[in-house]
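There are structures below to look over.
You will see two complexes here that share chain A, one where it goes with chain B and one where it goes with chain C.
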Partner chain A sequence: MDIDTLILGSDPNALACAASLANQGQKVVILESRDHAGGVYAREGGLPWRTPLRPRMRRELGLLDEPPLDPVAFCPLSDKTHFTLWQDVEKTRQELARLSQSDAQRYAGFKSFMDRMIAFAEPLLDQTPVGPDAAHWASLVDAANIGLRFKSLSHSDALGLMRLGPMAVQDFLEESFEHPAILGAMALPAFEGRFAGPRSPGTAATLLYHQLAGPRVALGGVVEDLVAAGTRRGVELRFGQQVESILVEVGRCTGVRLQDGTVVRATRVVSALDPKRTFLELIPPLELGPELVRNVTNLKMRGATALVRLKLSRTPRFACLGEQDPAPYLRGRIHFGPDIEAMERAYDDVKYGKLSERPVLEGRFSEPTQLDLRVKFVPFGCSEDVRERVLSTLEAYLPDLRECLQEALVKTPSDLEAEYGLSGGHLHQGEHNLHQLHFCRPLPGYADYSSPVERLFLCGSACHPGGVGTGAAGANAAREILSTNLERAKSAVSTPVGAGLAVGTGVALAGVGALVASLVKKPKKGKEAKDNGHSKPVS
Partner chain B sequence: MKTYDAIIVGGGHNGLVAAGYLARAGLKVLVCEKRYVLGGCSATEEIYPGFKFSVCSYVVSLLRPEIIRDLELPRHGLEILPLPSTFCPQPDGKRSILRTDDSMESYRNVAQFSRRDAEVLPRFARQMTRICRFVKPILSMVPPDMDSWNPNELLKLLELGRGFRTMDPELRYDVIKLFTMSAVDYLEDWFESPELIASMSVSGIIGTFLGVRSPGTAYVLLHHYMGEIDGVFRAWGLPVGGTGGISLSIARAAQAFGAEIRTEAGVKQLLLKGDQVRGVVLENGEEIGARAVLSSADPFVTFKKLVPEGQLDPRLLDSLKHYKFRGSSGKVNMAVDRLPEFTCLPGMGKHLKGDISIAPSVDYLERAYDDAKYGNFSRRPFINVVVPTVSDPSMAPPGKHVISCFVQYAPYQLKDKSWDDERESFGDAVVDTLAEYIPGLKKSILFRQVLTPLDMEREFGITEGNIFHGELSLEQMFFLRPIAAWARYRTPLQGLYQCGSGVHPGGGIMGAPGQIGAREVLKDLKQKRPAHR
Partner chain C sequence: MAIPSPFHEKTSALCTSLKWKEWAGYYAVERYQFNHDQEYFAFRESAGLLDVSPLFKYEIRGKDALKLMNRVLCRDVGRMKDNQVAYSCWTDERGKVLDDGTVARFSPERFRLFSAHPSYYWLLQNAQRLDVEVQDITVQTGALALQGPRSRAILSQLADVDKLRYFHQIQTKVDGFYVVISRTGYTGDLGYELWVEAEHANKLYDAVWAAGKDYNILPAGILALDMVRVEAGFIMVDVDFRSCTYCVTDDQMSTPYEIGLGWTVHMDKGPFIGKAALEKEKRQGSAWSLVGLDISLEELEKLFDARALPLDLPCATWRGVVPLFDSLTNRQVGYATSGVWSPLLKRYIALATVQSRYAKLGTVMKMEALIDTDRRHVSARVVQKPFLDPARKKSVGSDVALVPALV
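On to the complex of A and B.
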């Protein structure tokens, strides 16, 4: 039987893409080099948690809702005290009040600001990015939609959002909070997939970005669920398949060649591998042109997170909890919390290629006797003993850790590259830096999941929306592949008349969009200017 | 009470430019400067007998050409000598990066470090220049009102959008990268030689509290290609007579148009009637009336000191609290009895005429920043050295020289210490570092002046010693500078305007805030009948 779509890799994005395509009746085959599906997201992979699958995809594939982890974060402190961020605002406020009254007071306001920002930005995750090149009706409708939603934000929220983008997370949080440990706990998600510290501009945007997809959920089961959903729809998984190259004939992708010499042909190929592997290792450079090769080479993919799995004989004792039962605190993530300055210092070390003295540890008990940790910051090619550094850091919080430790598995960025093929050991196939987001992800001009090679697509977390919304990139890619729109537009752009027409209508529509947006805004103007104009009433 | 059409608070270059434009339009104008000398941070002072120093700012590049033209500054004594080179000595005492106005010479020098980089360099410069063409018009525009209905405002936005849209996609990607990346990350996309990258990255950190690896610093690289002297792109210059020479030429131009200028006339507070500005009170108690007051002081001074307490909405003051000043630089000025001699390039040469940077490696620069992050001055700082007397001997007695060192980092807030105790040890750190490259330096010093951010705040009235009146970070630029609601030169008080570096397009000896501020005042005043005359 002929293969419609051949997918390289089997992480949740690849599986989501496969299931969506199969749902529409395509014959889909997944090629995975290992002997099980999931890549670093597999149970064996050692990631402690992930973000939930997008609701739309869960509905489409008939998967169950995933309850968020509560508490959001349990934060034992080095002075043997602790505090907890719960899903519930009031409960959190009480926790914070033990450390700082003013932080507690401002928490609800901060949370509701973030919630409004999330409400604005979340729909972007499920949309193919609209960039300045946008020329299709569909994308312009999307653009107008974004514009309208932006204009419907209140004046101060709109400005807040614009300021937030380029700020450093520390500056951003210090506008609301003051206690160093609280700042640290709040800031932590901002470094996911970044080679940056609390004082690095642009990290406030990553903080927002990592909250868009909702609170983190447990890792278990997602890969199995997606595999089951795919298999039911006829997706075929082939394990142990080492792809040697992607076959390109006259600018068009026709299949892949495996290392054993077998050629697998398909109507199209979708790569869930990162762009460096896809473009630099699997395709001859002549097919891409020097400009693309240069841009791919320059992609920032500096992995700085190590995964550590500690297998224990029992749940260790928490110094900060004394004789209290730790179980209710251990459902969410645990922030073995350095304060915000210690985080900056941990980042300082990685800048110089060293493992920090006190790495930032974010963990979760995936089982009562298994502690999975993300360790930041660990440089690529780290030669120091990560295991020992992690254990000695943890001992301050878990005094009897070594007694109950049975086994420690460590995956440094270099291990992640070697074992999972993640270039640079980067878990999200590309840093979440501002210039590598939205219509610039993975590369400008290819944010629609296409590639310079006809019938070759990308669907990994290298694409929008990155590593945050697990499966979103795959689902978006599937939608783009299915819409004949894309394939037609590609040929239309190749003729100057078609391009001119598309650009013309695009500009016209943008104008109309802006006009509509402004009309909607207008009635509010007078009132708002008074509300937010900072002017003192004339006395 | 004496009355004017407009009073300008502060006789720095922006205040003087504003005065020039207002007087040129026929208004009766008064400039009130607190210090004994004009120029604010761009003043020349003889702080050691026989030696003239550009005490604070020391080079010029961005001074808008239309200002030079409109105010006929050359006729009033403005003369700028181009800086012909950028020089970065290496710690091995043998090699150095020397880029000059002679492209073959630059090629040969850079090729010692990397042949590939030497070939890329002209391409890089071309790319920067192309991007400058997009960015430049933004510098002379009033930031759009994001909340407005005015078709003109919408048009401005649309125009910007169209400029961006019609750009070559490759160029557009570079614009995005320049605005968001760190200087080092961006340069690493182009170059491979770590020495060259370090020497070029330093332009990204001047005046900010960020390191060369901090995102957002790449943008300032662009500024180095935006300099324009006599219409020639990419040139930095040394004003004859120091940076005070620029201020004085603007002052003379303003006076020629009829402006009055008073020194040692510090403004204490604004005179208000309701929320309408009526004039100013000087520190000596004198009251002067005006229809409009333009403040070229920074936003903190303007809103917190000049405006009487209780006159402003607390929300504005709250936003102002979030506006980042965080001065990060110091200045060490020296009078020396002989020409500085670098180990790696002894004797006189083009390298001494240009701009000299102590920036041996990216890690060195980043460590200097790390010191500052935790509240210390850099023990081994980044230093930008200029020896103005090589090109302009009038600044010192024959055979003797003036050395100007811009030093980073010197954070305004020291941890558990005070600048009054640390001033001299900071100066020593600078001299020690420089002496590693210029062995004879210490013996040649006749006089040394150390300016910490605290000194700059005290002496020049710039809050926290920030030379740009507030950091030039992305969230404090364009329509967000200084505060979102009041980024368009006006203020909540009728008749009070901002025309300093704290408004778009920000700091540097550019003059644009003064020019645009004056234009906005004229627009408003035109709608009302003159009060007298």
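On to the complex of A and C.
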């Protein structure tokens, strides 16, 4: 059977895209270079957590809901105290009160504001972005719908949302909180996929952005679930397939050539690899215009996060917990400091190409004897000893760490690039900078998952909405690949603005119809009268 | 602040008029003498020697040099033989002209590109992922144009140019240093351009000057060049068309077809920048065309007569925008961009951009003419370009009649 869609890579976006397309009856083949699926999202990848799959996809593929990590963040402090951010607001308030009464009192208000912002912005994740270059009328309806929803925000929320965008996360949080450790714990998500510190502009937007997909969940078996969902629908996975180049004939993609010389042809190719790999390595250089090449080259993909997996003989002792049972605290994320001031300094180091003197460590016990850590900031090409820096930082919190340490696996950005083909070692295939989000993701003009090469599409987290394993980009890409004008029209009409337009047009047409009918009727009357005049003798 | 060219020591000694202008950041002589007439006639009747060092010069070397040239230029350089030179333009992805110039092929792995505007970044941008090195050799290379019926006789004393064919080059030695001599130029006449390392520039100038002494060689400036290039029907960037890099609106940009360079576009050579857009234009036709105009002297004379003035003709090329009108409706249909009285042809000629339906040979339009203080209209007829095309331009050997052959 001929292949309809060939997908390069097998991360959750690739798998989501494959399953969605197969659901529509497409013959889908996934080419993966390794001997198992998932890329960095596979269990051995070392990611401590991820964002949950989109609910829409879980429904479509019949997957179970994923419980959020709780605590949101367990924060041991260097003075042997600790506090915890829980999913529960009241519980969190009590925790914060031990550090700052004022922060505790403001927490509920802050959380509620963020929740309203999330409610407003979350639907954007499942939509193909509408930018100034949108040409299709249905996109304009989408834009109008966003406008309509924005209009429904309260005056202060609308203002709050607009101010938030360009703000530095520290400035934003300091409007509500004062304690440096609380500020640090709250600010942390703002740096996921960013080469930025708390005082960098635009980080408040990333903070919101990272909460849109919902609270973090355990890495779990997302890859296995998606593979199973795909294979049930007929998706074929081929492992150990090293793609050498994407074949382009007269501006149109026709398949790929593997390193062993095999040519695999397909109606279309969807790349879940990042744009630099796709455009600058796999597509022959003469097939792309200089403008595009420049834009791709200019994409910011500076990986600054290392993944460290510590294999332990037992759960280490937490200095801040004393004899207390650590188990309830270890179910979620653990934030090993530092406060917001030290975070900025950690960023200062990487800004000048050095490993942070005091790195920002967040992690999770995937198992009682396995601590998976995300380490910030580690520059690409780092030659310093990341392992030692991590261990010596952790020792302040886990005094017996070295005693129970069996093995430390370190993946610096350079390792991530070499091992998983992530350009720049960037886990998200592109920084979550304001100018690389929404209609500018992955590149201006190509936010609809298309590419300058006909029948070549992108579906990785390089595309809107980026993220860590939501699968949204893959699902959105699948929708765009298959959507016809009729479907677009249907979905546009199902929105408030679209429905309004449809009703309006209907009423207008009915009005015109009535008018035309009355005009047509009139001369008929006249004719009848004339006929009557002829048939009836004039008296 | 302009800088001197590698020939400055020589040209400044000869430039008795002290008439200098700035050309691409260099001092360039406008005219050497009190009047540029003699320099014009040198180009057409003996030999004019012009310093063209301000041209931008790039050397492209590497395994993918041919690929890069074919990607950037509209012309197929794959068809060229080694030591052949070709004229081409290059466009952006919208098919809008960036610049025009000549490309010299030394081998499939070595080219030189000469342009009016800086093109280094464009070449570099397109060289990504290609095994090629682009070097800007503008400053380290001096360039001389020796143009005119006697140029072959002069140069043959220095090098074996008798068999050098039109748009070909030889690599040779003059007084022991390396010189590239190409049978190219901007005069539409028999002529050569000499490319030399800057350190030997003055020695080359002396050698050419000494060889030309018995042939009435004259140093010539930009004013004379501007006259002969209009006679030859050669367009000039920033005058007859604009590089799209410097345009503010789409209307200001041109495609190769619109400026008469469609013949340099080789559609059958595989992908090049702007191909898709140009294919579309080729199918649909171009909105604008570049034409040669012959302006009615009789009408012009009458208009001057009516103001009791003697006929005033442009003895140096004017550059600007002069509107052209439909002769019946008086609606503007184009504009002339450079014009001159040709002393050899005894005609007032101009280059113009017109709506394509007015581009047919013989079409008569009205051109605006300033008669003292009044704006009036005179007839301008579309005629064949080049206005002047002497047989010696392409001739080989030394036996060709040197008398200017008028068209």
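For the reader, a short list of remarks on this structure follows.
The definition used in the following text is that the second predicted complex is superposed on the first by the 482 of 539 C-alpha atoms of A that agree within 3 Å, B and C clash if a C-alpha of one lies under 4 Å from a C-alpha of the other, contacts with A are read in each partner's own complex, and residues count from 1 in each chain.
Basically, a contact is a pair of C-beta atoms (placed from the backbone, for glycine too) under 8 Å apart; a residue touches a chain by one contact, two chains touch by 3 or more.
This is a predicted model, so every value here is computed, not measured.
In the superposed pair of complexes, A:Gly251 makes contact with chain C only, with no contact to chain B. For chain A, the partner touching the most residues, choosing from chain B and chain C, is B. Of the two partner chains placed by the overlay, neither chain B nor chain C lies in contact with A:Pro379. Touch criterion met: A:His155 reaches chain B, while chain C stays clear of it. In the superposition on chain A, A:Glu291 contacts both chain B and chain C. Within the superposed three-chain model, A:Leu434 lies in touch with chain B and out of touch with chain C [touch as defined at top]. Shared-chain residue A:Pro275: touches no atom of chain B or chain C.
Taken together, the two structures place residues 291 of chain A in contact with chain B in one case and with chain C in the other. Across the complex, chain A is touched by residues 67, 71, 92-93, 122, 125-126, 128-130, 270-271, 273, 276 of chain C.
Note for the complex: chain A touches chain C at residues 251, 280, 285-287, 289-291, 293-294, 297. Interface of chain A with chain B (complex): residues 132-133, 155, 158-159, 162-167, 171, 175, 196, 199-202, 291, 295, 298, 300, 341, 344, 348, 351-352, 433-435, 440, 444-445, 510-511, 514, 518, 521-522, 525, 528-529, 532-536, 538-539.
Chain contact summary for the complex, chain B toward chain A: residues 146-149, 154, 158, 161, 164-165, 169-170, 172-173, 176-177, 180-181, 185, 188-189, 210, 213-216, 274-275, 311-313, 315-316, 319, 322, 324, 363, 366, 370, 373-374, 473-475, 480, 483-486, 492.
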